[in-house]
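Presented sequentially are two complexes of subunit A, the first with subunit B as partner and the second with subunit C.
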Partner chain A sequence: MTPIDRRTFLAGSTALGAAAMVGGVPAVARAAKTTTILGIFPLTGPYADTGPLMSKAAEMALKEVDYEVAGQKLRYVTRDSETKAGSATRRAEEAIASDDVKYIVGPWSSGVALAVGEVARKRKVVHWFSGGTEDISGKRCHRYAFQWAASPWTAMDVVLATFRKQNQKAKRLYLFIVDYAFGWSLQKYVETLAPGHGFEVVGVDRHPLGQREYSSYITKAAATNPDAIYMVNFGLDTVSAVRQLFNFGMTPKIPVILSWSAGVEELVQMSPEMRQNMLVGTNFYYTIDTPVAKKFVAEYRKQDSKGLPPGYAPGASYGCMRMVLAGMRAAKSTDVPAVIKATEGLKIDDLVGEQTVVARNHQTVRPYFVLKTTPKSEMKDDYDFGTIINSSAKEQPGELNECKDIGSL
Partner chain B sequence: MLFLVVSQIINGVVTGMIYALVGVGLTLILGVLNIPNFAHGVLFAFGAYILLSVLQVVGNFWLALLIAPFGVVLLGLLLELVGVRRLYTAHHDYQLLFLFAVALILQETIILIWGPIGTSVLPPAGLQGAVNLGLTVYPKYRLAVMGITAAIVAGTWLFLTRTNVGAIVRAGIENREMVAVLGIDIQKVFALTFGLGAWLAGVAGGLASPIMGLTPSMGFDILPIAFVIVVVAGLGSVPGAILAGILTGVAQSLTTIVFPEAANVVIYLLMGLMILVRPQGLFGKR
Partner chain C sequence: MRDRWIFLLIVGVLAVGPFVQREVIATEILIFAVVALANNLILGYTGMLSFGQATFFGVGAYAAGLLTIHAGLPLPVVLAAATVLATGLAVLIGAVCVQRIGLYFIMLTFAFNQMFYFIAYSWTTLTGGEDGLPGVRRPAALADDLTFYVLVALLFLACLLLMKRVVDSPWGRVFRAIRDNEARAAAVGHDVRRYKLLSFTISAAFTGFAGALYSLLYGIVPIDAIHWLRSGDIVFMTLIGGSGHFFGPIIGAAFFIWLSETVSVVWDRWPMILGVVFALVVLFLRGGVVELIRRGHGLVTARGGAATAP
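Right, the complex of A and B next:
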């Protein structure tokens, strides 16, 4: 056999690399005269670890009603968003065309969600999403898109207020911001709100999504002598940054604030030593004291081989799916315009407590939670990551909301 | 600014030395067996995950680091014996497809055993925290990794250049048919090389775990980098792989100062540049 030459080697590598990038999940079998809901989640790519958990949780909400609401059968199909706007929109379009999808839940990235939201607007299907971009219920709002997560303004306000209460002398914040729609939205409000809480932003570093090496940012941050590292990033980006802050000896001396955290799925990846002196803001934590949350957490843990509780990602997909169902129940129909009208202004006691969908911008007004991490010596079990010490459901002031016209159906 | 550049150069060398360990293993397998080992990244991942399990049992990082790579060697030898050995005379397409399939299966195996969500390993007790180097503050563990990887690379180099077995391996890279004609059991040489490559990947995975953390996809994350190193180094070149590993690490690291978005792209630019300027790589002959 001839030795492998450079050309063959490179051609083979490229072909296999391209093959590896091709994803997709086949649709489940069709059923006649049913309403189809699409769960579009990252099954490959940067958030691939959370996609299957989100899909599982979304389907749990449907199983609870036995795939039936308002006398209509429901069908659930999934697609891989890949955390790529192009792939997600292509697959959403394909699912709408081939599976007659009327409702979309997901994906798991603000930039990708905004793109999927445009598909929803164009194809007149309902889109529920949970994420950090304010644009879904802000300047890119429309009648078909709904936001389940708390407003970035609400989140940053309660996180800063809690940190102030916990650290009376702290003044200087250094920001690590992930460089896409989610990071930009939250950075704007941190910088706007920080002075009001007595903080000064002494430095900001924006890093790309999927960043694994933070040493240059940590070195720069250390030079400014901050009182806290304030992070607006997510998932493995956050875990990598926290790990390296610990390795550089910055933590636990300096507190770290995870302002918009995935919760369990992030915290479980850090050793207890890395989690010391940390404040965690999140849209969902498994100790939330509501009947819906308790039932969901118990069922979810039962289905997990290690008894892992759900974090924000599965909590969000479950919460979004429940809002879809609540809208259908309120409309007594699965007809899209009727469900949208019934959802606007809908007020229910649900997963995270009282949830109200604001009609003028489709933002859900709901509590945002802040945890204080549990020191290793005080942990009751492996999943005792922290305790909720504060929450707020304060609505974003109307003048700050950029949704000027939600549009028509 | 100077402190940042110094810090990033040190950082690049540390990362580059880990890349070099992976790259040397991959280039040895490619040079001797003439097989592009697409499962090499997942062997790196197994190094980290086996270390995690051993660490939970023995409670000592260094002991775990000593033991874990041999688990990867066993896995590598099994892979060579059961699959790769049957494909030595097959077309490269079959080798690529087989090894890529093995890599996917092994990644799923990691998920089945250790779960889909990543985890962290702490540096050993004495090496936690940072040390002041004057111009910059730098983690003690990363400095230790620099020393350990340098020792392993030097040891591998001595093994290849100063021992009879090493000479046979090098001869295998030059002309394996001639090695077989001389009456040397080439299958044993192949198995030894695959085992050595797997060991280097396993050590790299174990050493990298406190720095990079553990995720099931970590093998696929490092695989393209390892192939870039082999291309930049020149197919089958061990010194080339060491130099290319360090160059890649430093290039990536320095790029994060000025243009973080390009840090993952710069290594491919480096590869493209090498293909244009010196297609055979730094030390390659074909």
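Right, the complex of A and C next:
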């Protein structure tokens, strides 16, 4: 083999540099009449079961308006976030360049969403997300990113208040926290707010994401004689923990609080016996009594082969997409800066009730719901998991919010 | 002579790269081509399969990210520092790993990868944990994606040349001797472990360097940059391109990223296609895409030969 000599290398490099400088870049920008919205959801990877439901629900919001708003045609494209920040970032970049995307909805994991948010900031496209991270409307806030989920502070406050109302004598809480940013930020608020509601946190166990074996945590929790097990975890982690708490005989004797639940998609995986004596906090539940929710739930169930109602994930993607459309309607345009300005401070009656977008941090102030699970004997059908017994849209106190400067467009 | 033609062909492809593919994706392909080429130094040339290359990729990325954000150092210093850090770490990790061979070597590299992943995952104040490390800004002169592509393309060519020099050097010959027969290499007087460590460290240096470029590409270091699945992707890229040929991994990296980009848009369950392709390559095309090109070339030449035969 002949090694590459220095001359070949220099000639090649110069040729490359010259070609790239002279050429410019092909712009595949489409005609500006159609505005493209990207739904980036996990179609593969850990949340692969959730992604298609989210995408379907997001597109339902567009179908309702026949892909047209403010006299502008809308186009919907999807990409796989894989629940990997690297892949999601690359795909978002690619979709913005190839499909001239101006709006992004998704994905379904805080870390991935923050990465996509960086792309949105850099490329100046609007990004709507719903999730447990407080950073999107907190320390990593910027003008292009919006948060649909309730603030973790609002959520933990109403869950604790509801449990206090339900159990006047309860005092001792034992916490199961998933060990990553989402769990930590909610834990912070539970610990801060618990004394104000008359509770004492008697123990905390942090478990890794994807934990399936909880016996050691359960034994530790049992030793502290708690009045409730308070969980800050999600999806299969929650289901596994609940199942084992039941097998150990701790529940239904001791109430279990799922403080930030996926709702239907989690509850359907537990037997009615396991769901006894449970309090569930969630951003969306299908019995929410608003005209928009009723219409959405009916249409979603019609499209589902088993008639399964939508859980938090599809509710969130539908809710986010409706906020995108509401912003366009308010701006009477699909122009990004105009829509951002119109969305800031926007107040509408929508999917979960009154929703207000706070201009200074882009947090949506909206109700967070607490359900009491339905005992087996009282269940009207297989999907009658619980009844909403409380909700609150109390805004997080300004001094606790870490978004100090939302920045410029 | 043939290598020179291949090199010029690569330059040609690099020149048209941003015209046929988005700049950011073309840039990412080049970054991973460096990683796959580096991995081939240990896999294809030294016969060591590592499932821990993401350790060095991630460390390089985090180092570059942190130095850019907190110290605001100039780009060449950032790239050099990230590379030195990844290299230093490789000396320490490699010194332990090369004590074992085969499956045990693989397990050690994997274990170190897991360890560093969890350090990055837990040390949120430094790395941002699961949320990633955002805010890695490129210098103003490189803010444009095309300019950054040109820089990465030039650096890619430099890495390519350097790695070619390594495999053509006496060191490279010893690496191959170890791959072919470790006992015989030791019998003729080579310090096998030392050479393995050398190969491991050189590979890690290039991988860390590529990681540093990656952090500047999207302005964020995602936690999956250091995840062991990333190590798996790197092995995949190397094998699918062809670990038996110096230039093979470049094709592998391009093919892997191109396929995952194109197919994922068309079909939600696209990893199944990647799986099928990988299985087919392992079963019928052990030399990867390069082998396919060779066979194709062989067929054409044979036919041509027959036609001109008297």
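One rule holds in what follows: the second predicted complex is superposed on the first by the 376 of 409 C-alpha atoms of A that agree within 3 Å, B and C clash if a C-alpha of one lies under 4 Å from a C-alpha of the other, contacts with A are read in each partner's own complex, and residues count from 1 in each chain.
In the analysis below, contacts are C-beta pairs under 8 Å (C-beta built on N, C-alpha and C of every residue); 3 or more make two chains touch, one makes a residue touch a chain.
This structure is a prediction, so every number in the text was calculated from the model and none was measured.
*Asks:* Mind working out whether A:K122 is in touch with subunit B, subunit C, both or neither, as first, second, both or neither?
*Replies:* The second partner, subunit C, only.
*Asks:* Based on the superposed arrangement, let me know which partner A:P52 touches: subunit B (first), subunit C (second), both, or neither?
*Replies:* A:P52 contacts both subunit B and subunit C.
*Asks:* So in the superposed three-chain picture, is A:N247 touching just subunit B, just subunit C, both, or none of them (first/second/both/neither)?
*Replies:* first
*Asks:* Looking at A:E200, would you say it contacts subunit B, subunit C, both, or neither? Reply first, second, both or neither.
*Replies:* After superposing on A, A:E200 lies clear of both subunit B and subunit C.
*Asks:* Going by the contact rule set out at the top, does A:D382 touch subunit B (first), subunit C (second), both, or neither?
*Replies:* Neither partner.
*Asks:* Applying the document's definition of touch, where does A:L236 land relative to subunit B and subunit C: first, second, both, or neither?
*Replies:* first
*Asks:* With the two complexes superposed on chain A, say which partner A:D349 touches: subunit B (first), subunit C (second), both, or neither.
*Replies:* Neither: A:D349 stays clear of subunit B and subunit C.
*Asks:* Determine where on subunit A the residues touched by subunit B overlap those touched by subunit C, and list them.
*Replies:* The answer is residues 1, 3-5, 8-9, 12-13, 16-17, 19-20, 52 of subunit A.
*Asks:* Tell me, which parts of subunit B touch subunit A in their complex?
*Replies:* 3-4, 7-8, 11, 15, 30, 34-36, 38, 88-90, 92-93, 96, 100, 115-123, 128-130, 136-139, 141-142, 210-213, 215-217, 220-221, 224, 227, 231, 235, 252-253, 256-257, 260-261, 263-264, 275, 279-280, 286
*Asks:* So in the complex, the part of subunit C that touches subunit A is made up of which residues?
*Replies:* 1-4, 7-8, 10-12, 14-16, 18-19, 22-25, 28, 121, 124, 129-132, 134-135, 146, 149-150, 153-154, 157-158, 161, 164-165, 168, 218-220, 222-225, 229-230, 260-261, 264-265, 268-271
*Asks:* Spell out the part of subunit A that touches subunit B in their complex, as residue ranges.
*Replies:* Answer in residue numbers: 1, 3-6, 8-10, 12-13, 16-17, 19-20, 48-49, 52-53, 179, 206-208, 210-213, 215-216, 219-220, 222-223, 236, 239-240, 243-244, 246-249, 265, 268-271, 273-274, 305-306, 308.
*Asks:* Please give the residue numbers of subunit A that touch subunit C in the complex, ascending.
*Replies:* 1-5, 8-9, 12-13, 15-17, 19-21, 23-26, 43-44, 51-52, 79-80, 84-87, 89-91, 93-94, 97-98, 110-112, 114-115, 118-119, 122, 133, 135, 140, 180-182, 184
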